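Paired with chain B in one complex and with chain C in the other, chain A is shared by the two complexes that follow.
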Partner chain A sequence: MSIVTPGFHGRGRPAADLPPGQYLTEDFPVLSAGPTPRVPTGSWTFTVTTETGREYRWTWAELLALPAETVTVDLHCVTKWSKLRTTWRGVPLDTLLADVETAADFAVAESYGGYTTNLPLADLLDGQAWIAYSYEGEDLTAEHGGPARLLVPHLYLWKSAKWVSGIRLSHDDEPGFWETLGYHEYGDPWREQRYQGD
Partner chain B sequence: MTHTYVDGNALAGPLADLFAVDLTTAVLRCAGCGRTGPLAGLHVYQKAPGLVARCPGCQAVMVRLARTPTRVHLDLHGTLALAVSLPS
Partner chain C sequence: MAGGTVRRLAWRVATLVDGTPETASARTMTFHVPDWPGHLAGQHVDLRLTAEDGYQAQRSYSLAAPADADRITLTIQRVPDGEVSPYLTDTMKPGDPVEVRGPVGGWFVWRPDSTAPVLLVAGGSGVVPLAAMIRARRAAGSRVPFRLLYSVRTPADRYYSADLAGPLDGVDVTYAYTRAVPDGWPRPPGRIGVADVNTHGWPADLAPECFVCGPTGFVEAVADILVALGHDPRRIKTERFGPTGG
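Take a look at the complex of A and B:
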C-alpha cells in the first residue's frame, strides 16, 4: 500500500540527464501541504534573522528595487518528477545576505502559512539561490509560491520554500517540516538523498 | 475553486499499518484551537511528500504521516487527544 504517491501525474519517459530515480514531466505539478496562502504584496515582507536576533527586513518595493537575475534551471521534486529548463527572475541571496553580520552555518527558510525547511547557509550563497518572483516571464502565481518563493534548484524542490517570509540563521541545523518526518536533511537529487539515512 | 484536499478517511488505511483499532470513527482534539471532531472530518492534503491532515476549524496541522522505503513516520503533536470507541 502506498502512502506517498510519487508519479501521481503519470510517468513520463526517462531521460539520460535526470538524477537517479526521476522521470521527466512537461507540466508543473502543484504540491501543497495546506491551503494556499494569499499574501498581498502591500503587506509582504522578507526578514533575515541572525543567530543574535538581529533582523534585516525588506518590503516588496525594496525587493523589486534590488538588482535581479534571470536564470534557467532544472527542478527535481522528491516525489520523482523533474522539469527541465525553467526560467525564473529574482534577487540572489548573495545580494540579500551581503551586509548581514553572521557567523551561522545553517539556515531555516520560513514561509507564510507556517512551512519551514532547513539547509546549510553555504547552499544559499555563491549564485545558488534566489528569492524568485517571476516564472516564465509572468508574476509568480500563489499556487507556485507567489508572490515570492525561495529557489534553490540544486536541492530537491521541497527546499525551495514557497511563500517565503524569511530566513533564520543559526549555529545549529534545525530540521524543518519534511525533515522532521523522515526526509533527508540535505536533499541532493544527484545523490538521491530522499530520506533520512540515504 | 476546487478543493486541494480530501477528507480524513484518506488516513484510515495508512494508520491501519500502525494501530490495531479502526480509527475511522476516532475523535481527535486540535492542539491549536481545541476543536473536537472525527478523523473523517479532517482536511487531508495528499499531493505532497506525505499526508498532512489539518483541523477544519483553524487549519492547524493535526496529523502528519510519511512512508519511506523502510519506515512510517507519524507526527501527532498537533493532536491533544485521541478517543477511540471500544468494541461492545
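Take a look at the complex of A and C:
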C-alpha cells in the first residue's frame, strides 16, 4: 500500500495513458553504460547466428536494399521517462529472419562495443521489432544507437540494443548485460518489470 | 544471478531525518529506512511520491555515502520547473515519509577490494555517486589512488566542500569551473576539454577504472575524450542524469 507524501502535489495529471511509474518527456534522453561506439557504415554488418552456428550476414548496403517500414511508436525507458509517437524507419525482423532456419526460443541481441540483451524470439517477430536506421526522418545518430539499433518498443528501451551487430539464437535464455546486473529478464513496461523479481 | 530465488525489490517507507542546504539550489537529505539492506558506492534508489489523490511520480537518485545502518543520504539538485526535485529541496520536512526502493544498479559501482587506480569525472550533481566512492574508499581504509575532476558552474555550486577540499590522503581533487572562477584561478572558465582530462586524469597505460557522471552532454563529451586518450572503452563506466544542467 502506498503512503501519501504530505505536500507533494505533482504536476498536471498526464492526459496520455502511460505505463505505471513513467512520466512524459519531450526530450530524447540517452542511457548507456559506457562511451558511445562510432561504427562506420563501410565496415558495418548485421549477423544472425542460429543455435547450430549457421550465420546469415548483411552489409549496410544489403540492409538498405531490403524493404523497410516507417513506424510510429511509444518509447518507455526503465529510468522512468516515456516519449510518445516517435517515428522510425527500418527493416522488420520478420524480413531478416524469414529464411533463417531455427528451432530456438530465445535471442540475444549483440552490439558493437560489447553490449548484449536477451529476449524471447517471439518478441522479435510479428511486426514487433525492427533494425532501425532512421529517426524522425534523419539518419540515426551514434548517441541514439546509430548507424542502426534494434527497436522493440513494447519492452523497456534497454532491450532495443543500440549499435546492434547481430542476433544470436539459442535454446536457452541467457541474461544480457543489464539482465545480469539486476534488471528484469523480460522488461514489460505495462507490468512494470524493471528489476529482477518484479 | 545464478541460483536462488529472485526476490522483488521491496518499496520501503523512508522518513526524512534531516535536510541541509548543500548549495543555494541543492539539499543533502538523510532518510531513515528500516531494514535497509546496504549498498555499494555508485548505486541509486528509486523514490516514489504519492499525492493525496493517489497520483504518483518516481525518480532515481544516487546514494551519496555508504549506508550508516538504517540511514541513507541523497543530494538533490533543484531542477527549475521540475515535478519532483523542487518538492524534495524546498517542501519536504523532517518526519515526512516517501517510498524508496533499492539499491539499484550493479554496473556503475566501485568495490573497495578493487586495486586499479580510479578516475572520477563529475559534472554538476553528477558528483553525488562519485563522492560516495570516495567516502567508501575512506570507510574501507583503501589506499587505491583516486583522482576526481569536478566540473561545476562556480565555486558556490560545489557540493561537499568540507569533505573534498581538505587534504585527502590519496585522493586528488581538481575543480574545473564553467562560469566563474575564484580570484587568481589559473584556468579560465570553460567546459572540460581534452587538456583537463589529460593533465588531471590517469595515463591510459595505468588502466584506471573511469567513472563519468553528469548531464548527458557532459558524459558524452568526457567519455569520447577518454576513448580518444586511449582508455579502454570497457573500463569507462557512465551514468547519465538527465538532459541538461550541471
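Here is the rule we use: the second predicted complex is superposed on the first by the 182 of 198 C-alpha atoms of A that agree within 3 Å, B and C clash if a C-alpha of one lies under 4 Å from a C-alpha of the other, contacts with A are read in each partner's own complex, and residues count from 1 in each chain.
Here is the rule we use: a contact is a pair of C-beta atoms (placed from the backbone, for glycine too) under 8 Å apart; a residue touches a chain by one contact, two chains touch by 3 or more.
Keep in mind that what you see is a predicted model, and the values were worked out from it rather than measured.
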**Item:** More chain A residues in contact [chain B versus chain C]
**Value:** C
**Request:** Figure out whether A:Trp158 sits in contact with chain B (first) or chain C (second), or with both, or with neither.
**Result:** first
**Request:** Considering only touches as defined above, state whether A:Ser43 meets chain B (first), chain C (second), both or neither.
**Result:** neither
**Complete:** chain A residues where the chain B and chain C footprints coincide 2-5, 8, 29-36, 79, 114, 178, 180-182, 195-197
**Prompt:** Taking the complex as given, what residues does chain C use to touch chain A?
**Reply:** 1, 6-9, 11, 13, 46, 48-52, 54-60, 83, 87, 91-93, 96-99, 104-108, 216, 220, 223-224, 226-227, 233-234, 236-238, 240, 242-243
**Asked** Where on chain A is chain B touching in the complex?
**Response** 1-5, 8, 29-36, 78-79, 114, 158, 178, 180-183, 194-197
**Item:** Residue ranges of chain B in contact with chain A within the complex
**Value:** 4, 13-14, 17, 45-52, 54, 59, 61, 64-73, 75
**Asked** Touching chain C in the complex: which residues of chain A?
**Response** 2-11, 13, 21, 23, 25, 27, 29-37, 79-80, 113-114, 143, 175, 177-182, 195-198
